[in-house]
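A, B, C, D and E label the chains in the order they appear, each numbered from 1.
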Amino acid sequence: MIPTIPTPRALRVIWTGYVALFFVYLVLPLAVVAVFAFNDSQFPSLPWQGFTLDWFFGKTAPKIGVFHERSILGAIATSAIVGACVAVLSVAVGTSNAFLFNRYKFRGRGVLYVLMLLPLVVPGIVLGISILVFSSTVANGLWDTAKIDAVFLRPGLVLVVLGQFSFITTIATLVISARLQKFDQSLEEAALNLGANRLTAVRTITIPFLMPAIVGAGVVAFLMSFENFNTTLMLVGSDAPLTIAMFDRLKEGSTPLLNAVSLLLMLGSSLLALTLIAFQKRS
Amino acid sequence: MTSAPDLECTALTRRFGETLAVDDVSFSVPAGSFFSILGPSGCGKTTIMRMIAGFLEPTSGDIAIKGRSVLDVPPNKRPVNMVFQHLALFPMMNIEGNIGYGLRRAGMSKADIARKVDEVLERIGLPGIGKRKVDELSGGQRQRIAIARCMVLEPDVLLLDEPLGALDLKLRERMKIELKSLQAAFDTTFVYITHDQSEALVMSDRIAVMNKGRFEQVGTGQDLYYRPETSFVASFVGDSNRWRGTVERVEGGTAQLRTDTGLTMRAAAKGGAAKGAAVDIFVRPEAIRIGRDAADLAQFDNQLSGTVGSLLFNGAASRIIVTSDETGGELEVTLPQSGEFADLTRGAPIHIGWSAAQANCFAAGEG
Amino acid sequence: MTSAPDLECTALTRRFGETLAVDDVSFSVPAGSFFSILGPSGCGKTTIMRMIAGFLEPTSGDIAIKGRSVLDVPPNKRPVNMVFQHLALFPMMNIEGNIGYGLRRAGMSKADIARKVDEVLERIGLPGIGKRKVDELSGGQRQRIAIARCMVLEPDVLLLDEPLGALDLKLRERMKIELKSLQAAFDTTFVYITHDQSEALVMSDRIAVMNKGRFEQVGTGQDLYYRPETSFVASFVGDSNRWRGTVERVEGGTAQLRTDTGLTMRAAAKGGAAKGAAVDIFVRPEAIRIGRDAADLAQFDNQLSGTVGSLLFNGAASRIIVTSDETGGELEVTLPQSGEFADLTRGAPIHIGWSAAQANCFAAGEG
Amino acid sequence: DTLRLLTWGGYAPDNVIAKFEEETGHKVEVTMSNNEEMIAKLRATGGGGFDLAQPSQDRIEGPQKEFGIYKPLDMSQIKTELFTPSMLEATKKNSTVDGEIYAVPHIWGTSGLIVNTAEADGVKDYTDLCDPSLEGKVSYRLKRPTLIGFAFSMGLDPFEAYGDEAAYTEIMEQVEQKLIECKPVVKTYWSGGDELLNLVRSGEVVAAMAWDTGGWKLNSDNADINFVAPTSGALGWIDTFVLPAKGKSDQAAYDYINFVMQPEIAAMITESAGNFTASKGADEFASDELKAQYQGSFPAEAVDNIKWYPPVPAGLEAIEGGILDRVKAAQ
Amino acid sequence: MAASARLGFILLLMPLLLWLTLLIIIPHVDMLMLSLRERVGVGEYETSIANYKTVLTEPLYMRTFMRTAVMSILATLITLLIAFPVSYYIAKMVRGRARSVLFLLCLIPFWVSELVRTFGWMILLRETGVISQFLQWSGLVSGPVEMLYNDAAIMTGLVYTSMLFMVVPLVTTLDSLDDAVIEAGYDLGGSGWSVMREIVIPHAVPGIVSGCIVVFMLSLGNYLTPTMLGGKDSLWFTEMIYSQFIVRFNWELGAAFGFMLLFASSFIIWAMLRLTGQTLERTMG
């Protein structure tokens, strides 16, 4: 049960075996995705046709590798841009929210807090359509009344960013709030007491304290944006982020090209996560 | 008086909604002295300190430093600094960064800051630790850094809010003595708040005992301990045997009392202890003498025979609990340090006595 | 002896990898007594207790309860119960649920459980709080519930692992006395561990002083305080002035010493203090007498004149620091409770003396 | 300028795009889609977000009337001489709304059957896909062409009923019955052309309703597999060029149309998409193999039997949608 | 000072209000209004509850709706059952480095998108896929087996995708249970099972609830897993929303569907919170 309590050996063995199986279950799908990126076949499946790097570096059809596939590279860039925008926006608003809820007691705070949590329990697709409906209403209204064509209110990257931002901000707020709650406010008072004004105190003391959470929230926001599908699906316009582009491809049939992209994604996010862990350890 | 006191509070009052946290408190602290405010949790100590530091506005009253009112001065401009209860050292900076923080805010040059920081580290006996991180220091060292961080700004008054609260017992004992000598070294006015009477007694020049937002008594440690003026002070400062009782007779400064438990005794009447009044009576365990024979104690105004109920051996601070034969009431009595009664056993008959002057009685309070 | 002791540990040893946490410890606790293990943090106290409770297996040695070895008995079947340092009350149950937990596990009927729970709540002076939640109780009340939860199971031995550690000072003082009377009321064997000497001294029938996995001395509080057998016990139990020194001469049980600071003194030689040996010397502050005149102290083996360095007023426990005229070394001396020297001022000349019997010296340890 | 092109998979191969960019200096962004999603996207954007789209010719009049998502073509910008006249005329006719022309043809082809004759020799018509002996080895799309195809092979004429919602509903309900009955035989409903090809190539699927071009591609690898025109007739479609209402680079769009209709370029597209184009003379450049496959699948009577889609009137899609959902949900 | 505090308050309040009103509240209100609109002709609309009537009277929609809800609840329960022993193992049975390594391992699958994870399952489960081939190779089956395109495949995928969101809150709450409390349970005579039932599980309730809420939400709102792994056999509610919006151009009905989904998820989450006496702030915040 816990190491200090004598437990029957059999139970211990069964339990450990179960956990081992669980990890096999976790790893298996990713492992096959990774492995078949190197299969020299048009279809990510057995039999093994031999090892190839064509799905990464191939230049000629049908085996055009990721690094020569313009549309995939473009989609990665789009995803990165969207992710960066979402990360910056949601961390900024999240930090502001964290300060608001942590520092001020005001009427309606409870209601606002629950409202702030709500995007977490709204299905992503509903978030997507509600934003799509609203922005279309506004855009159509502008067009009908003033013949103004508000392009940014039509499906496209702006809406994708807003749609993802609408729920990722909640997560950023929670992550940053959690750390701000651990902040000892007397540190700020100490700074005031030592001659800093309010803004300087926040800048020199509170923000450095929050930094690990801010960076953490930023990375999490970026990753979540990068892999978001449901909300994006409803809001995407002419330039699709990677998940949507891959989904469109997948509808056209699986090819090891998708395995190759997936493998790169795994490597990318592992790298990001490791950097994050290293950063958190350091501070 | 020629020079104004370093700190002077006049009729200071602060409300939080219904709560009257600080209630018409006035005091002044002469330059270079160590002033403590002693009181139980929630009595308003921190509130006073935060008003002085500028984090709270008084509801009414005035705060003057070196004779000039500071009410309109924002906290970052007041010539007072504060050592916080949990020290509030900045964990994201090293020691140098912490001590230099105030100097940087004042716009001092880098070189000057470095020099000053080294100087003050020297002064607190921790030279060369400037590059260390806060969490690489021991509790006592942090304590000193927190003080140095303030002292480097040369404040007129240093405020300390229970700075020893977080330390363990043995370290706290040591730091009491060290704090006092740091104050002497810096020669600055210290205003110290605590709920631990022994801290206040050991370190302070003067102590204010605070209760429910008001100062009950201000004086030296001896004043408070030997000459408490209120029932609260008598009970809060030092240990006492305590009874509720009524006055049966008053004669000069001495009252004849009967406790609710049935004991009769003579005590020094403080305040208006009129006949028939309900009073609180306090007798310190060390004020009670023990004898094997009633005759040994003939000189005392109050005498009692009983049996030893419990032996609370605690080295030099050993006590016994004496159960009165007459009423069954219990009294704590300190054993003499001489070890004369070390051989007492549970259930042994014993006689005790104490003088009326050592028993204080006050009009009964609610405390 | 006719009846086996309630608890007997024989050559108990426990290693954690390289660390020898408990090193060949043997002791026995007679039925109905209060046994304490006193030692600094990390000395192995908790390890002993967890072996007794069954949460750790001894590397070697035996544990017997009422004469029967319990090594093969799992923790939930051992006739001992434990009060954990942070109490470990079940926050998901109310008080009744907590106290009744063990009884439910034993399969007792609902009605009987309810009756027993009421009974024990009565006994610990908290009748009628069965329906409350754990977090609606004060620290002291929780303490008592934690004990009641165990006592309702009528264990042969109750183990207590620093149960007062989390309480504040005043409450701790009160609980010391209360714990002792609870033990008397339940008449059960208590094994109590603590690093606070005053807790151990006040409550225990016998105390084992533990250091680095070993028992240094086992005895009553008086034994430890007045007759320490090792340097560690002398320094850990009670306050002392302490020097390092060398033996210049030995005469019967008395040694002539010179401290590293240059003081000479006569002390009771404990253990093998041979000529030339390095020793630790301990003198309790309350063992030193003060006089205004050197002549008043003629009867003492050791005498010294100096000046008052600091006054540490603390009511009955007031001390002064005396600076030796000769060597500049400092000694802490307790002021008599009589208040005879209450008028001393800083810098006043003073004489002090103490007898050789009150100074203990031991072969120098590392402690 | 940047040309944002909304088109089908295979219609804008990389080599063509590269060549176009090189010759005109425009940049092209390609989004792959299908009819429904093309129209949905354009509807959501009010006809913005793209500069050129390629819906089928039957999907122009209805959506334009209802949502106004296209803009009329300026025929003077289009080199009409590059088009096969009959196809140009047919498309113009079907895409004229309020006297304005909205579309010109690009690629045409048919839907029919892909059959692995070694395994499923008996499949000659759509309804043969329901043969229980093929259980777990059949696939088709769950889209409107399937409904139409099944209707024809059940002896009904859905095109006839286009104007009559009640009659159309009745036909569709019969088809629904059939498809639900057929469901246990189906392995999965495919959604993208290459997905189906993979299924057939790996042997997981032996008979399917699909586009002709896929069958020919498979035939090149495995002679057993080929496109078969169903006995009730293949369904003929023409995918077109239209200008979204709020497209911003009309010039680039016209340039693109004129560029890809050149015979050599059109042949490159045929190579990639597998289908013939409306470019006059491009067939000469097409590979002999493809021509042979086409002729193999389409004997003369089969060509005559092709059922060309008339424009879809508004409202039919709602009926079809309900049918499709019910088929999908049936257990 | 009071004035500057007030200014600060307003400055901090603005982004929150803008975000919540413009991206959450108004869009949902607008969607509600859209769902209450009926198309009566080309470009003509009027207010009515016709869309909701359609939802309630068309058995297909209700069936899909119920099916999605039931499958999501099932997926939540299965995830909980699988994750609990694992979380307990990580939180309480291993120590030190191994512990953080195991915990990190749990997170790894979630460093890639759901699409990739689902893709992995497709490669594993399909008729010519890895598992089928392995079974044939090992002689357990004689011919290829199709494991894709059925409800079991959907369940596998849903549980897989949700695992993290169950394991993390469970490990966190179990971690906060002091070992001494478990030891006290034993010390007072408890056995493994009774300690688990009376102490560990009651303590873990907040974590269980928050895990279940998130997992349920994610399953209900999932689109990729049912469409890709379920193939012909699953109509998921989100798929219907998608097809109403994208394929049918029927935004009005799609909006009504969206509201039904929102309502279902809110209701079940509310019921879950009520039943366990938790609040949203406590479990999510």
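Operating definition for what follows: a contact is a pair of C-beta atoms (placed from the backbone, for glycine too) under 8 Å apart; a residue touches a chain by one contact, two chains touch by 3 or more.
It should be emphasised that the depicted structure is a prediction, and the values quoted were computed from it without experimental measurement.
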item: Those chains which touch chain E and also touch chain C; value: A
item: Chains in simultaneous contact with chain C and chain D; value: A, E
item: Chain pair with the higher count of C-beta pairs in contact (D-E, A-E); value: A-E
item: Centre-of-Cα separation between chain D and chain A, whole angstrom; value: 37
item: Separation of mean Cα positions, chain C and chain A [Å, integer]; value: 56
item: Approximate Å spacing (C-alpha centroids) for the pair chain B, chain C; value: 27
item: Where chain B touches two or more other chains, by residue; value: 74
item: Residues of chain A whose C-beta touches two or more other chains; value: 4-5, 45, 132, 250, 254
item: Interface hub residues of chain D, defined as touching at least two other chains; value: 202
item: Which chain pairs touch, all of them; value: A-B, A-C, A-D, A-E, B-C, C-E, D-E
item: Residues on chain B engaged by chain A in the complex (per definition of touch); value: 53-55, 74-77, 80-82, 84-86, 88, 90-92, 101-102, 105-106, 149-150, 153
item: Footprint of chain A on chain C - complex, ascending; value: 50, 54-56, 74-75
item: Footprint of chain D on chain E - complex, ascending; value: 42-43, 58, 60, 63-64, 126-128, 146, 148-149, 231-233, 235, 240, 243, 245-250
item: Residues of chain A that touch chain E when the two form their complex; value: 1-5, 7, 11, 15-16, 18-19, 22-23, 25-33, 36, 44-47, 92-93, 96-97, 99-100, 103-104, 106, 110, 112-127, 129-135, 137, 162-163, 165-166, 169, 174, 177, 198, 223, 226-227, 229-230, 233-234, 242-243, 246-247, 250, 254, 258-259, 262, 265-266, 269-270, 272-273, 277
item: Chain A partner contacts - residues on chain E that touch it in the complex; value: 4, 8-9, 11-13, 15-16, 19-20, 23-28, 30-31, 34, 82, 85-86, 89-90, 92-93, 95, 102, 104-109, 111-117, 119-124, 126, 128-130, 133, 160, 163, 179, 182-183, 186, 192, 195-196, 213-214, 217, 220-224, 228, 238, 241-242, 245, 251, 254-255, 258, 261-262, 265-266, 269, 280-281, 284-285
